[in-house]
Amino acid sequence: MGMVGGGEGSFIGAVHRTAAALDHRCALTAGAFSSDPARSTRSGRALGLPDSRTYRSWQEMIDRESALPADQRIDFVSVVTPNDSHHAIARAFIDAGFHVVCDKPITTTSAQAHDLVEAANAKGAVFCVTYNYTGYPLVRHARHLCRSGAIGGVRKVIVEYTQGWLASALERSESAGGFKQASWRTDPAQAGAGGAIGDIGSHAEHLTRFVTGLEVEALCADLTSFVDGRALDDDASVLLRFTNGARGMLTASQICVGQENNLRLRVWGEKGALDWSQETPNELRAWNESGAEQVIRRGNAGLAPDAIRATRLPPGHPEAFYEAFANIYAGFFEALAARANGTPFTNDAHFPTAHDGLIGVRFIEKTVENTNSNQKWTGL
Amino acid sequence: MGMVGGGEGSFIGAVHRTAAALDHRCALTAGAFSSDPARSTRSGRALGLPDSRTYRSWQEMIDRESALPADQRIDFVSVVTPNDSHHAIARAFIDAGFHVVCDKPITTTSAQAHDLVEAANAKGAVFCVTYNYTGYPLVRHARHLCRSGAIGGVRKVIVEYTQGWLASALERSESAGGFKQASWRTDPAQAGAGGAIGDIGSHAEHLTRFVTGLEVEALCADLTSFVDGRALDDDASVLLRFTNGARGMLTASQICVGQENNLRLRVWGEKGALDWSQETPNELRAWNESGAEQVIRRGNAGLAPDAIRATRLPPGHPEAFYEAFANIYAGFFEALAARANGTPFTNDAHFPTAHDGLIGVRFIEKTVENTNSNQKWTGL
Amino acid sequence: MGMVGGGEGSFIGAVHRTAAALDHRCALTAGAFSSDPARSTRSGRALGLPDSRTYRSWQEMIDRESALPADQRIDFVSVVTPNDSHHAIARAFIDAGFHVVCDKPITTTSAQAHDLVEAANAKGAVFCVTYNYTGYPLVRHARHLCRSGAIGGVRKVIVEYTQGWLASALERSESAGGFKQASWRTDPAQAGAGGAIGDIGSHAEHLTRFVTGLEVEALCADLTSFVDGRALDDDASVLLRFTNGARGMLTASQICVGQENNLRLRVWGEKGALDWSQETPNELRAWNESGAEQVIRRGNAGLAPDAIRATRLPPGHPEAFYEAFANIYAGFFEALAARANGTPFTNDAHFPTAHDGLIGVRFIEKTVENTNSNQKWTGL
Amino acid sequence: MGMVGGGEGSFIGAVHRTAAALDHRCALTAGAFSSDPARSTRSGRALGLPDSRTYRSWQEMIDRESALPADQRIDFVSVVTPNDSHHAIARAFIDAGFHVVCDKPITTTSAQAHDLVEAANAKGAVFCVTYNYTGYPLVRHARHLCRSGAIGGVRKVIVEYTQGWLASALERSESAGGFKQASWRTDPAQAGAGGAIGDIGSHAEHLTRFVTGLEVEALCADLTSFVDGRALDDDASVLLRFTNGARGMLTASQICVGQENNLRLRVWGEKGALDWSQETPNELRAWNESGAEQVIRRGNAGLAPDAIRATRLPPGHPEAFYEAFANIYAGFFEALAARANGTPFTNDAHFPTAHDGLIGVRFIEKTVENTNSNQKWTGL
């Protein structure tokens, strides 16, 4: 495993490293951890890497890793930089023959995303976008309940992702930790066209597609910025129409005081329903046709194989964020292993791909377009 | 108290009678309980009324009650018939000098609602519309938190009212109980232009106004009917823009399998938030600026006077639907008593008025209008 | 209905009156509301009674009501005085031919309780002890689940009744409301041998018997008084052994800061389990043999007839304390009606009897006896 | 890190390895994974160890590791075998100069536990007993609330640890996974004198001591075995008296159908209270003197330093079982580092020691002794 970005003070870089290593199947061996070479070096040392494998830039990393013997160089790179640099970095690694794990949103424009889809296909690269919340076992069981017909045809979806940490102008505060996380996310040059809709709304969009299998046909959006001087939306409300006739509401907001990281999905079908929340990930509430409510817990008897595969601990020994993130990596590793062994591999709920990333970027673009329009519905 | 409608098999008529009598301040003394005279008579007898005060029609009721001495005749009438007859009945009772309690929505058109507002004003009638959910003590405390500035300027509202009982075509079923409740609610001739948006969406709209004090400036709606052959919406998704710049999402749906009567309001302000659900009405969750969550319970120290006034039992002895409904009547009775005693009365969260009813009907009309339009926003 | 006690400032008297009248089947027509005659008179007037039916003492009430024609006098009396007077009052009304509703605990000694059981039997009086929490529909469904074998033979019971209102010496405070409620409950002369164990522990004991059908064979208790100067226990911990071999833990405490009125019963059987809490009475959690959890709500399909009979409102329209209390009265009224009509009546979960009251008092006595003993187990 | 036990099919061995490695501060370098040499070898290979560091017995492991240069041999050993072998293994590693991490209960008799305490002291070994639940950040904050006086003097404790997986005779089933876990835990020769009280009751006992700082003065216990033919208790109910006068109830049961791993602690003080459950570890409910309830979440502002130190992820990104277990190891590593660096180290809520283990074993012994006695209280 190699890493681009994720140096000192990064939150998500550390998450990627811990998640990838959780099952002892992967080791970090190289990195370009910062666009500042000195900082990259310090970060590499702190992570126990030899200086020889800590690079001053991702370009250098590609050159020097490519020059190593195949059994010594990295198998894949994890790209955990701000959104605006994803495309160039990922494209270059693909072109150099590496597999790629990339943070979401995959790029800042759908044209770039489309380019990565095509490049990965052309080079046979395995490409994973870390929509990490689909790694939870009960999200996978929810998918099973939707797709197996257990709740009937889907009619209505409500998906919410609410946070409160940007309720004030943290990007202009002096608080070191908050500032770093807030400043690039609220800067169109680094984050792209979407603020909350891109940072967290795209998780909500992907979770909905992953679980229900439905595609959005048209949307109607109202993106807003509540904090003075903020250039990107910090609150988004979206009506959805799906191709099967289902209707949906999506909200993504970072000004919801008191909310932490509350991604919740509710789906109602013709004969059943389900409700899952990321902050209590070890339970899934489900209703059958008679309206009876069942609380399904991770590890219970009768879960779908995709859920069982994603489970490490017995019931009541809670699993959480790291394990779900690790499940995305685990699926990616299975694809790499199949590639290495020449065995067939079907990405059956294992990990999100560049195609999923592309759809996510299109979704962001369309919500921005519709917000600026007087037309009610914008097709996708 | 007199009653029009509410005979055998009625749900809401019995609720009105129990709620009005809960505090032993009011007795049912007359009624026209059905448009079928024989049924009205049977209903009156079952309620212990003498035949002399059970009328074959509401017109007869007005004539004969008006002819009684003032100390014998009813003080007010509760109108609990299907929506389409509210206007004619309420108008006639107003004109005859009676005060009126009327189920929501007050009428099927805003023109009719406007007419009732003017008639009540002209005649000095006290007019109450039973948006009963604002009778809960903690709804009144939530209103206090919003209006006292405790959560700062309101930015975002999510209000939901989800039920599942109309997920299938109950109005065409043979089930007696369900059929009666479902058939008129899904019939435009009796219910008016709105299905779910009228039956329950109007509660959500009123609850939002009651708590936040904000008025809707424009809305964007997507009303749908999922059940084949149903003429009115059974699912509604609405984006809201409030006059102060706040944004909102409202959903009202009767096809949410497993949901019972789940009216929930969440409000986020600049420095706090609150969350209340009708099915667990004895608790209100609130957040302050630092994000700390407090669970406020009915009867706790420090509640607003409006909440205390609406409380009968000590903490932990749960109160529920009847008590909240009774609180609406209690407020109406205070207005009647003030009128009788010639003392001043300020309707400070006591009960919803004909004006509130008018705004509710306008809201329903505008959601229907917007649904049928390609224009994104419809002003109110 | 007549009432002894329950005058100005009483909490439970008003509850009895509202509960008895909730279904419009009963009217208060006479009372001796206080041992202070002037206060009794004021209370009667406030309740709308004529002075002729408001008595200066319960003895006068018996004499004068007995002298009225049968169709005018009260059918039964509700005794809502402090515990120490229950026996004398109830016994006198029984002897005079009246039926009786009496607050719990029925008496302060088991000898008195035994006497009431025998007197009621001898005179054919219907005697109801208001263990009101067994009036909740889902408690009745829980009883059905236990007794129908749905959870298999019961192995373990945990029952808790925790309150916090006596965590400080409220009985010595100047606060009027609190003082009155606290002072007699902490006075052995008025309350009997038990403090918390009598006031609320007896509810926990009865709820357990009602639901499981099990009798306590032996107990081991640790009653404590945490507040300086308090003569009766304010905290009780009890181990239980039931006749079928099941084990139990019971706690009743009034010093649990933050707890309001938290009566909770959990029962585990050989192949299932259930969990119910009084503060969220409209849901019952149940587990089957495979460990799957179901949330059963009042009004759901498939509830036991005893639960359905005790339900007034549709699902999601919450019912609470008053309705449960009214269900106890409703069962008592059915017994009275059967008596009046000469029809057979089986008390199948309708209301608690004097026999239940006797067992409750014995339980209190034995917990006190065991607390003062070095012997581990005390038989019942 | 070396390991004794934890080979193929072990649950807790894998947990130790993942927890110890979570923060990339420790690597497994040697092990004797099974008393069956072939199985030990297979296990070592599966874990990526060279055969040279996989031993056929723990005795061989001590001999050969001791012979390695100091910078190559293991620093400490984790003992994850059944209880009966803990003493011999741990003692031998201590004597050979290694530090030790040992599963709970530390030994099967208090004499053995006392011996380990003395041996560790004599040799200067750092000894950690993995009462892992005290690693949760909010448990550490709860400790802070108790010990800082925030809730006043502790009066009452209720601690529960309920599981359902042994509700039937799993130890006699053919199910491979269940059988292995169940068989040694229900065998007195391997588990010691306690069944449920030893396996999980000791966690409850330690959690109570850790949070409150109180010591048990006397106890009264009722241990039972509900499943036919089971030699050890599968259900335990215990009354507690603490040295400060506080009272407690503890239950540990493995026959609670539907319960998974439900360790819950409630503490009531003179002016506040708290409630924490292991299955929802990211929230802690607390009450202040006025009875107001606050929901404290991991990562909130204002948490105790011990809680902050134990936190890796931002609020709303849930942490769970692995992270808590890793926090125990992290504390142990700090002690090792201080030892290595010659810096002072105070074990301030960092990890449980052999002394804690000794108190736990005494507790188990006393519950068994009291169960078999007619005497009510047994002192500790």
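In order of appearance the chains are A, B, C and D, and numbering begins at 1 in each one.
Just so we're on the same page, a contact is a pair of C-beta atoms (placed from the backbone, for glycine too) under 8 Å apart; a residue touches a chain by one contact, two chains touch by 3 or more.
Not measured: the values here are computed from a predicted model.
Counting every residue number used by either copy at the chain A-chain B contact, over half are found in both chains. Remark: among chain pairs A-C and B-C, B-C carries the greater number of C-beta contacts. Placing every chain at the mean of its C-alpha atoms, the farthest one from chain D is found to be B. Chain centres here are Cα means. That of chain B falls 35 Å from that of chain C. Chain centres here are Cα averages; for chain A and chain B they lie 43 Å apart. Centre-to-centre spacing of chain A and chain C amounts to 56 Å, using the average Cα coordinate of each chain. In chain D, the residues that reach two or more other chains under the touch definition are 259-260, 291-293, 297, 315. If each chain is drawn as a node and touching chains are joined, the picture has every node linked to every other.
Residues 151, 155-156, 158, 160, 164, 167, 220, 222, 224, 226, 235, 237, 239, 241, 247-249, 251, 253, 255-260, 268-273, 287-289, 291-293, 373-377 of chain D are the ones touching chain C in the complex. Note for the complex: chain A touches chain C at residues 285, 290-297, 300-302, 315. Residues 11, 15, 17-18, 21-24, 47-48, 163, 259-262, 278-282, 297, 299, 312-323 of chain D are the ones that touch chain A when the two sit in their complex.
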